[in-house]
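Would you mind keeping the following structure in view while I ask a few things?
Residue numbering begins at 1 within each chain, and the chains themselves are lettered A, B, C and D in the order written.
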Amino acid sequence: MKKSLEKLLNKPLPANPFLPLKAVITDVEELAPEHKKFTFSFLEPSACERWSHIPGQFVMLTVPKAGEIPISICSSPTRKGVIELTVRKVGRKTEVLHKLGPGDLVAIRGPYGNGFPVEIMEGHNVLIIAGGLGIAPLRSLIWYILDRRHLFKDVYLLYGTRNYEAVLYKDELSRLKERKDIKCLYILDRVETPEDEKWSSGREGLITELIGEVELEPSETFVAVCGPPVAYKFIGKELLKNGYPESQIFVSLERKMECGIGKCGHCQIGYKFACVDGPIFPLWDTKNLPEMI
Amino acid sequence: MRKELNINHLTRVEGHGAVDIVIENSRLSEIRLRFTEGPRFFEFITRERLYTEIPKIVSRICGICYVSHRLASVFAVEDAFGVKVNRGIELLRSLLTVGEYLESHSLHLYFLALPDYMGYPSTLLMAKDYPNVVKRGFKLKEAGNRIMKLIGGKTVHGENILVGGFASIPSQEELKKVRRELLKVIPEIEATLFLFDGLDYPDFTSPHTLEMCLNSPSPCLFSSEVWLSDGTTFTKKEYELFVREDVSPYSTAKVSRVKGEPFLIGPLARVNRLFKEEELHPKVSEAVKRLKNTFPSKNSHLANLARAVELLDAAYRGVELIEELLSLYPFEPSVEVNPRAGTGFGVKEAPRGTLYHKYTFDSSGRCVGANIITPTAQLQSVIEEDLKAIVEESLEAEGEEIKKRAEVLVRAYDP
Amino acid sequence: MEFHIDRAKVLPKANLWELLEGLKKRYKLIAPVKEGEKFAFREISDVSSVELNYTRTILPPKKFLLPYRRERFSYDPETMEFKSSFKAEEQVIFGIHSCDLHGISILDSIHLKENPDPRYLEVRRKTILIGISCFPDEYCFCLSTGTAFPDGANWDLFLTDVGPDYFVSIGSPKGDEIVLTFKHLFREIEKEDLELYKRSTAKKKRAFNEENLPDLERISQLIELEYDSPVWEEEAKRCLGCGTCTNTCPTCFCYTSVDVPDLTGKEVKRIEFITSCQYPYYSLVAGEHYFKPTRTSRFRHRYYHKFVGYPYQIEKLGCVGCGRCTAECPAGISMVKTIKRLRGVDEKELREVTE
Amino acid sequence: MVKVGIVGLTGCSGCQCEILNCQDALLKLLTLVDFALFPLAKDGEFDGELDLLFVEGSVSTFLDKEKLLKLREKAKILVAVGSCACYGGVQAQRNDEAELEQMIREVYGKWELPFELFKPSPLSDFVEVDYFLPGCPVDKKQFVYTVASLLNGVKPFFPKLPVCHECKLSENECLLLKGVPCQGPVSYAGCGAPCTAKGVGCQGCRGDCDFPNHQEMLSLLTQRGLSYEDAVKFLKVFRGNSFKVRGLNEKGA
């Protein structure tokens, strides 16, 4: 028998990585039609203490009776004790979740995935690009950066949505606009109502249009992108055109997942697993990972 | 004064039926039994299909007696092609029929008929008060289901019932298990027999004069000869000469008559024949001696008791069939089938009555013509006659009561 | 001179049945049996049904380590208390061919290394693997994948047929224990046995037909470079997407999990069932978006995962050359032929080269 | 209590029979739901709202249609049970081959009938159907799972895997490889492949799996002794109403 296997077989039984922790919903906020932000707290106080994550990581959330779903953490690790998840109602399990309210029990395991390389990003400019629900994991990054603002150079946030109604974290993002330490550019697919007008200052179009307006030295900048799968191709192209290095552009990818820890296979992207090797990938990987975007 | 009584949906029957009764000046002026179920064009959809598809398609005529439809069509195809199966295949087919009777008769007795006599709208609702009776119903059904699943592959529409035999056959161990199970349900069937003997059947004499069934000591054993209670017998090839079908002016089922008369088929006709000809299985005969009701009978309601008698027959036959089967192992699960042009006939006793299939094939084995006569069609006129009689007897009663009596009667036929 | 090595013994063929009887008494014994024209690993109740000269079973012995359908947990949706009903049994899987042992070795890497699965670990610990030598048929290509022989990786005993006897290699302390328990059935090795053993190895190698072997040299690179080859689409046209290739593969491990509530809603079972990358829903995410939308992309993915993915993840090829995916494919699609086509060698040419 | 209805239109009652075979589930359900409408097993008409309605059978008569439309209005959730309700059933297999008039003439010998008919059609031709449980008959386990899920407020999950999946995992010898015509590769699993376990090829009673490769299926069937025409008819027995050889699987190529 090989030594390596002998070692593996003789290890004490590990804790079951599939066993989630009980958590309770403490708050639900309706952000936009079909989009709700849920705040959770673990029932066991020590679990709250122990919890920490990196922006960009996700959890496996058990929706009682319906099943487990992978959801990005949208709260920042710098704010201890709470986990916030923003969930769009798209199907079987999310529908059931949307019916739950404060006091209801769920179960959570994680955090999983690699998260954004925040430590490497320190000391650099950061450009954050969010499309639609993609703002969720990036919200975690935004607050992480803002809470440790001194560690980073200039920060930009580009955010595109369908219209004002679909904008998530409306208050929070409006307030960010006021701040001096982050530059926010918002755009809408359609500007129709006065609210739309106010939100994007009348800007209508695709998020790619904003990239050219960013005043950052590309080689000194890390880019974090999250949005619908179809958007990556265009955003990537535009970023490269503007001189951002491929190895400094990070995208968050979504795949079907059943386990979160590299066992079920559903999330394979080329030779990598989105759950353990991702969900954050440098754009450079697109060259090597067919079907990535 | 004109009174119209309509039963728009007969409940607790397998098909869809309605009864219209018109009473004028305290006299029955019109009565109609209508089958409202949509036609499914079986004689049409079997056309141009290969002979191998026929049993599968006609299986879908009825989900409760699919074994009979499948086998009747298989007999017809084999008749057309001159196929002779071996004894083992024949016995397995009989055993399948045992399964079908156990399931179909116990379904009818416990789930469709029994609530009428126990005063419940449904057997399911009896479960609280009579859990054991309900469970016995399930248990008997299950015994039949297991046999059908074992041989046919599924409980309903098992696909392993083919022209020429079977794709595979059960092992001896599996058959022995079935035998053990059959022996175990025999006491339950006896209990059923006495339960149904003890029920309060309405006094009723059906006006029909003619009864018909296959000439065989058990519906689980096959025959190609048809028996009429007036002493006539004829072969399956002559079926259409005797049983004449007409399109009904108000029902989706066709109407049949023999010698211009309505005629009784089904469990009561079969059991009546066995008594008349003294052909009852000896073990069944023993049990039947202890019953308070007697056969032959013209009380249509006793079809229910006749079903219970047949259940017992089926179980005993099943045990015997398995014994013979075990002595035949190993045998070929199927025989070769070579299609040729021609017409074939198949008759079989389905749980609710005699069934007739006829197909004509071209030389490559594609169907070019079909005729299927179902028990429901053949029962239509005899049930109508019965209804007429029962309504005339009940003219004094309340409308609801008349309806109720009519329903119970129709249900006894399990159309 | 007395010849003696501790890592091997000789089991005279006649003694095998007694060994199996003995094992059956102590453990759940699993071994190949014949079913129809094919073979399957089954729990054995009568050792005389064990089939020693089988080609390949329809399903690999994987099913006794990772059941195709298993309950991960059950839980009470009110309290969110999770319960695992998982139990591992002491079992012996007897008669595993070398390729399947390598297959298990791949599963070991997946389930024991990163994020180890305690369920797998427990089963694995309680399972004794006894291999047996074999000869290739036209579908086997384990010589190319380097899995034709057990390399001392993960089994307990390995029986090599050397004519009158089995040459028994001992791979683990557990294997040793078995030999000790049944001492009387084994004898020491003699020099001739070693000769016979070597000869049988050579004999197996020679039994492969070059035509049935793919060239797997730098296979990862080949698959990557030929990513856009028309061969994929041509082969995929015939693919039914039935999933047989992955379901029968000793190294495939993908599964889907669903929560199944009972009628009363008091208990929910979380069921994992094996699935296949060949099924469209496998890569379906919200918005009806299929990441592998075409038959071609699904077809290609299997090769990609086996020959690029596994090497990246666990530094081993994901294929052990057992030939099941080819032998069982209803459409007759052959892994070896696809690889040969990708290499641009068509069979006629190949014959010309070898002639 | 949750009100459940189980009704049949034009079909063989095999599905309702199969439902009655779910002994354990039924006995449990009796304490959980009210079978408000179940004509096969229960008396009484019911006109109220239904939480959960299971409909068996195809729509072939005017009466069927009326009944279905009325029931749809009363039912919060409508589940089509069995292949007749989901696809039209065997009776719809030649819908594309002939006019209604011809069908009626061949069966009744005349065209004028006292009732209005149309070609056997699936429920979804007339009303919105929430869930489909195909199969001829419906599978017991799937039925119970569906009821359990819906009672718990969760939608049931039915990936449309091919029958080969269940067939292979039951470790059956592949029939196509033995030369027996089998529709497993293009048919929707969920039955547990009972037919192939008996050595009978899958007859496709549950309709198509996701993105079926009909072209290759047909060519495999013709290699197993069926003429192309017979092979098409073989596939059409249960999918006649929806089956088109070309153009059905654009996504699959």
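Going forward, a contact is a pair of C-beta atoms (placed from the backbone, for glycine too) under 8 Å apart; a residue touches a chain by one contact, two chains touch by 3 or more.
No experiment lies behind these values; they were computed from the predicted model shown.
> Identify the chain whose mean C-alpha position lies nearest to the mean of all protein C-alpha atoms shown.
Of all chains shown, the one whose C-alpha centroid lies nearest the global centroid is D.
> Subunit A to subunit C: how many Å between their CA centres?
It comes to 38 Å between the two C-alpha centres.
> Report the inter-centroid distance (CA atoms only) between subunit C and subunit D in whole Å.
So the centroids are 37 Å from each other.
> Could you grab the centroid distance between subunit A and subunit B? Build each centroid from C-alpha atoms only and quote it in angstrom.
Inter-chain centre distance comes to 65 Å.
> For subunit A versus subunit D, what separation do you get between their C-alpha means, in angstrom?
Here subunit A and subunit D have centroids separated by 42 Å.
> Which positions in subunit D are in touch with at least two other chains?
Residue numbers touching two or more other chains: 152, 154, 157.
> Mind pulling the residue numbers of subunit A that touch at least two other chains?
In subunit A, 65-67, 91 touch at least two other chains.
> Among the residues of subunit B, which ones contact at least 2 other chains?
none
> Pull out all the chain pairs that touch, please.
Per the contact definition above, the touching pairs are A-C, A-D, B-D, C-D.
> Tell me, which parts of subunit C touch subunit A in their complex?
72-73, 75, 77-82, 84, 105, 108, 110-119, 121-122, 124-125, 152-156, 171-172, 224, 227, 253-259, 261, 265, 268, 270, 272, 275, 277, 282-287, 289, 291-292, 297, 301, 304-305, 308-309, 311-313
> Could you pull out which subunit D residues touch subunit B in their complex?
Touching subunit B from subunit D are residues 8-18, 20-21, 23, 26-27, 30, 35, 38-45, 58-61, 63-64, 89-91, 93-94, 97-98, 102-104, 106-110, 113-115, 117, 120, 136-137, 180, 191, 194-195, 197-200, 203, 205, 226, 230, 233-234, 237.
> Inside the complex, what are the residues of subunit A that reach subunit C?
1-2, 5, 8-9, 11, 13-20, 22, 62, 64-68, 88, 90-91, 105-107, 228-229, 254-256, 258-259, 261-266, 268-273, 276, 288, 290-291
> Would you mind writing out the residues of subunit B in touch with subunit D in their complex?
8-9, 11-16, 36-45, 47-50, 53, 56-57, 60-64, 66, 107, 111-112, 115, 121-125, 127-128, 134, 138, 141-142, 145, 149, 152-160, 162, 166-168, 247, 249-250, 252, 254
> Which bits of subunit D are touching subunit C when the two form their complex?
25, 28-29, 32, 144-145, 147-149, 151-152, 154, 157, 159-162, 164-165, 168-169, 171-174, 176-178, 182, 184-186, 209-213, 215-217, 220, 251-253
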